[in-house]
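Two complexes come next, and they have one chain in common, chain A, joined by chain B in the first and chain C in the second.
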Partner chain A sequence: MVTGSRLESPVRVLPDPDYLGDVIISERVVAKIASQAVYETPSAGAAAPRLFGSVAPGAGHMGIRSSDLAARPKTSAQIDSSVVYVDMAISVRWPESLADVTERIRDTVEDRIKAWTGLTVARVRISVTDLVA
Partner chain B sequence: MSVQATTDATVDGVDVDKIAAAAQDCPAVDALVEGPPAMAATYLPRRRVTGIRIEDDVVTIQVRLRWGSTVGQLAQQVWAAVRPLAGGHRVDIVVADITGGTER
Partner chain C sequence: MRGHADRTNRTIMIVLGAIFAAIGGAIIAANTGLFASGFPQRTLLENPAVSWIGGHSTWFWPIAAAAATLLGVLSLIWLIKILRGPPKAHDISIDGSARTTVGATALRDALTNEIQSYRGVDAAKVRVYGDPIQPRLGVKVNLTADARVAEVRNRIEQQALAHAREALDAPQMPVTLDLGVSKKSGPRVE
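Our next item is the complex of A and B:
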């Protein structure tokens, strides 16, 4: 059976000679798959980290990335048994429709995580934190 | 169950080197990896085998998935390659990481 990360809560099955073993997927893997889906969407990309709602001034000089449509966004995933919750912060190209772009990303993320890992996506929370002209 | 290690890399009747080589040869496996979440590694005299742990009746194999392969393909390949070498142990697969995606 396929379960997510968190080895402390594995599902153990009674001894069965035909039982091959468990498959455990790390949250990092799911997050990377989700991040790539945004990267492949031309109208969306990485967003600059925000401090109290604003981009920190001079952040670029401190090695902190800025919003970039050609970069992968920061993404995290939580796995609960065989269900996945994804969170991501993205930037979107101005003046694309936020509804269209986020829906496209959400569909791609759900389809790809399901197809590649067998896990079910329960939620994709997308924060659009910047618009890039 | 006691675990006895010898220099020929046999732990609990299972040859760790052979398991590692078989898993590494699977097309969907980019590499065997240690660290979280499973912290899988086998410590032998003067060396360490990354990504394999043999404990009780379970062989744990921790891998980095190759981009473009599914977890299902990975599991089928690893089980087919490793089960004959596992001496009746159950084989658990931990997908710890995936290689970077393709460029657009």
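Our next item is the complex of A and C:
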């Protein structure tokens, strides 16, 4: 039985048959792509969090990251329409040139995100928070 | 780091010294009777300045108190500035912008660990200060009593400090190296 209210509902617009839907890329995916690029750089890796200027006590236990050149660093990404802003805190092998290592990472991150997601990287902010001998 | 305010201190001292020397010179000159006759014969409180202050005492003393307070506050600020030392750096910029930074604490820890691992070094303390684009290092090293000072110094300069300059790509980064010798001797079997 058709009720009156149903008849008054707006006419359903049929979708464009060629339209296949949106592709939504999560910020976590972009962040993971960036951290993978650091992981693959031999002279850079994860950095332990710092508390009042010193490495946080308990780093390496209870899920707290420790500084390790063979681990993925903490990264975050923010997507604004089709532009990505990436932030990361990494450790670098001491005493390698920080400018060289960070530039290499930045290039890799920008290329990969562009190639794999089609998003444009506006900025990759790299904070070196630990130097590992 | 001491010595950061040397130039300011020197300027203030020179200015104060010049003022006091001028006052002293004027008094000596007055006593020899250079300005006016009769000055050497007068008693201490019998002079135009004292009688003028006495005549305007209603507003002179409050203003004098305010000026003295201001001077006191300025002196206190000066003292605090000298005792506190230069401001520590937080993040050092690597490419001249805020895009790539290295934490001053990370650099401090890496350099301290390297110097402390040298034979003949008892303790090391590194301080990173200056602005983010042009950091400066203050390195204070305590050597063990039996260390070969010249050898350790060479090693610090040619390895640890060279590494720091290399990592930051700053071959001209100024470093103050302060070496001391502690009473402790290095580890050995006797």
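Basically, the second predicted complex is superposed on the first by the 110 of 133 C-alpha atoms of A that agree within 3 Å, B and C clash if a C-alpha of one lies under 4 Å from a C-alpha of the other, contacts with A are read in each partner's own complex, and residues count from 1 in each chain.
Just so we're on the same page, contacts are C-beta pairs under 8 Å (C-beta built on N, C-alpha and C of every residue); 3 or more make two chains touch, one makes a residue touch a chain.
Note that the structure is predicted; figures quoted are calculated from it, not measured.
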item	value
When chain B and chain C are modelled together on chain A, clash or fit	fit
First (chain B), second (chain C), both or neither touched by A:99	second
Which superposed partner A:130 touches (first chain B, second chain C, both, neither)	second
Chain B versus chain C as contact partner of A:20, first or second or both or neither	first
Partner chain(s) touched by A:114 [first = chain B, second = chain C, both, neither]	neither
Minimum C-alpha separation between chain B and chain C after superposing on chain A, in Å	24
Common interface residues of chain A - those touching chain B in one complex and chain C in the other	none
Chain A to chain B touching residues, read off their complex	2, 5-7, 19-26, 28-29, 32-33, 35-36, 39-40, 42, 72, 115-118
Chain B residues within the chain A interface of the complex	36-38, 58-59, 65, 70-72, 75, 79, 83, 90-98, 100-102, 104
For the chain C and chain A complex, residues of the former touching the latter	91, 94-95, 98-103, 105-107, 109-110, 113-114, 163-164, 166-169
Chain A - residues contacting chain C, complex	47, 50, 53-55, 91-92, 94-99, 102-103, 106, 123-133
